[in-house]
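After this come two complexes, each holding subunit A, first together with subunit B and then together with subunit C.
The block that comes next holds the complex of A and B.
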């Protein structure tokens, strides 16, 4: 203790009291003294002394009462009882009341200093153990807080959690687990294996009944509701005891329905792509095979026809590969966009040149209404060109001979509106909904002989979406189709 | 000599397959969609059907094959497709796909001729 130890002396013998006081002060203690029992009680209660020496016999209040009173407020004050009339009973009684020791009078300076030192040591021990006790209590409190915090966290996790002990009894769960298992409630301690999917039970039992186990998780995907409504992953992990034996298992149930949906879409897309890529290859291979086969006789005209058709299919294949690459580039955003100020009117006017031949062939008339006051927008020139040419190409391809195409461009609020209308085949209502799907091509009595990759509109939609725009389609079967593109003017 | 129906939505495949089989002296009827395919089979009663899997819909060919079998049309079917195990689709010869043989496109002329001859021979034995 850096501070001086505080000593209280309670004695009605003035000489002894003052002598002791002086002696202890010289020894470096802080000393206060009381000439009678009442004053002793007042002082002893008013502040916490490290050590108190209390005379047993005093005229007003006896020493044991003083001891009791002081102890009632400061139980850690180390008290000595000093008396010339020592008796066995008072010694017992004083220790019973909490006195640390008993000092017989008269005492020599060495004796009293020795006793005080003992008392101070005792005081240190008491304080130290008090401190430890308090610390432990604080830790426990913290632990309790920590536990309730952890509980709150686990309960609010979206994944289901079940902990099962080696007797197959439920020892912990959260609400998400109940939801996944479609249960209103579940009792801790109940056997729950019979309500878990069979596959999971097998895994759990395997862990329970094997001699050794590895600290790893076993994952199983399980359809909890039919028709892919709810697919979850059960992850089963053993919990070891400190001696390495198995204490139980923890099951974590995660909802992977959306993930599985994407996986399915992806595999469907891959197999569609494969089909679309293989079809032209098979066609070309078919032609080359019959041309190289010596047992099959073909006229030169036929041969030329087949070569031309092979080239057409290969051209289609090349277009398809390019479209696919574009889609993946846009979707992956790896395409280095060159954002610049672009004038859509200029893009529209430039686009016609790509289709000059087709427009002439079908004798299609084109009408444009392009608003003069169209602001330039920040976008990638090639991407917007792609949007315009893909739509224009469709408007020509699916138009009738002598048909008409109308192109309108104007500003509405913060959007540029681009409308491209044709007077062609049009769409049936059920075709409209599938229009933007990859590889979807309207197949009906009117679309025979029209070629395409089935990706044109997908690309348009991907590009428009990437600029936070919108594409809409209006169409009537047999009358024509209008595509409406909304592009925000302030594209960042 | 046999009458063979080829049902495939790819006109180029219809053409080249027809030429290969015609060179063997067979007569060919073709259809480029499941609807017409059903019609030619019912009306012309071919000895063999060559059927594509993916036409208007990805599984048109399967439905058509099942429809034939349900209606008691037992004509052998050689089914072919351009999707396969390698591209993530797996088919088994089973009730689901009640066909006699299954090949992956592209198919060489000699393979096509072999398959067709085998199926026609098996039919005669029956």
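The block that comes next holds the complex of A and C.
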């Protein structure tokens, strides 16, 4: 023991008391002593001794009372009753009151040292068992906390959880499960299968009634509310007993509505792409078939015309594939952006050169109002060029002969504002809302014969969005259209 | 019925040209139109024996509207719809039963691009 063991001696016989005190001190113990019962009680209560030796017969208070009093405050102090008047009754009574042993008087030094050692060992055992008891209590408390914490976690999970035992009774659930099943409450122990979707019940029953089972989940997608309002996935997993038999099943219900919607959009997009790719191919194939058909006589002019038309359609196809690749690059972030300081004015000037021929062909006049004090912005040169050329290309394509294009560039707060207006055919209100959809092309009596991939504005929007900018459109059918791009100046 | 004069309506000018050339090479007289409105105009003016109409033109339903107009004005003129709608929309429909023909106001539905021999066979069946 690191610290000296503390011994208390209570005895009215001075000689014996002091002799024992000295003996034990020599043995390395810390000893205090009391010459009478009252002093013994006072000392014994004032601090916790490891061992106390109490004389049975004392003039003021008897040893059994002293024992009782000390034990009432320090129940773990190991007490011996010492007496010359050993009797069977006092022995029983002192043990009843919690004495550890009985030391007959007179005792030899060896005897008393042996008894003290026994007492100290007992004291160690008591303290160790106290410590273990306390630890166990703390563990239990922790376990209870853990359990309630786990409970709280499971209850707040978004996925529904139902645990069903082999008698098809509900043994556990969380609130999300109630919500999915559209129930206000559900009783533990109630038969649950009749309120579950048929497909799920089949799976559960299959597990219940088969001899063996595999520890794997069975997933089923179920429309809980019609018209794709709520689609969930039930995942059924067996719970094994320790002997390997089936204890029950756990059902996890996850909301997959959004995921299914995206899946649908994706497959719609794929079929739209396939169709857009097929149309020009079919046109080219058609011309080629006619040209090799020996039964059809074609003039050289017609033949040339068909080849030219085929080339035009193939060019459209190439443009489409390039646009699609651009979209996927931007959306998948596979293209490394080269952010540099760029001057939008320069991009606008260059774009005019690029479309010079088309502008001349339609005799379109251009008017620019580019603010001189526009700061350079940090952006990818090619992406911003794409935004400007796609908008300018539309402004030319959908413009009338002898029309006008107006380009305005200025700073407003922390934004660069780029406005590109044309005096072309304009948009009907219902067309405006669909304008940025992939493959949407305004189809009306005025757009006939204008070619395009239907992806130009989608690309513009994707790029502008990726810079946390905004694109707006103002238009009047038959009068013209204005696209307004807002780009934050500190774009990264 | 001896089919001689066909009205072709399609907003894909290449397919329109190709089907025209193919049908003419098989001895038919072909009138073409690039949209529903022009198709209706041509129908009234030319009195074709058969109309072959693309379903989705400038408006999603302009093919249907033209079919309806033609059948209303002359129920005896066979109307064929050519379409790629099943590929793009996944929405499949047919005109195999009388009820379907009545409802769709057409006699045949052909998938795009049209296989000319299939089309000729149908025309000969009329």
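Keep this in mind: the second predicted complex is superposed on the first by the 492 of 492 C-alpha atoms of A that agree within 3 Å, B and C clash if a C-alpha of one lies under 4 Å from a C-alpha of the other, contacts with A are read in each partner's own complex, and residues count from 1 in each chain.
Convention: a contact is a pair of C-beta atoms (placed from the backbone, for glycine too) under 8 Å apart; a residue touches a chain by one contact, two chains touch by 3 or more.
A quick note: this is a predicted structure, and the numbers were derived from the prediction, not measured.
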Subunit C versus subunit B on the shared subunit A, clash or fit after superposition: clash
Can A:141 be said to touch subunit B (first), subunit C (second), both, or neither? neither
Applying the document's definition of touch, where does A:153 land relative to subunit B and subunit C: first, second, both, or neither? neither
Could you say whether A:270 touches subunit B, subunit C, both of them, or neither, answering first, second, both or neither? first
Between subunit B and subunit C, whom does A:376 touch in the aligned arrangement: first, second, both, or neither? neither
Once the shared chain is lined up, is A:290 touching subunit B (first), subunit C (second), both, or neither of them? both
Find the residues of subunit A that appear in the contact set with subunit B and again in the contact set with subunit C. 271-272, 274-275, 278-279, 282-283, 285-287, 289-290, 293, 295-296, 298, 309, 313, 443
Would you pull the subunit A residues touching subunit C in the complex into a rising list? 271-272, 274-275, 278-279, 282-283, 285-287, 289-290, 293, 295-296, 298, 309, 313, 443-445, 447-449
Residue numbers on subunit A that touch subunit B, as the complex places them: 267, 270-272, 274-275, 278-279, 281-287, 289-290, 293, 295-298, 306, 309, 313, 443
Would you pull the subunit C residues touching subunit A in the complex into a rising list? 11-15, 17-18, 21-22, 25, 34-35, 37, 57-59, 84, 87-88, 90, 112-113
List the residues on subunit B that touch subunit A in their complex, please. 10, 12-13, 15-17, 19-20, 23, 33, 54, 56, 58, 82-83, 86-89, 105-106, 108-109
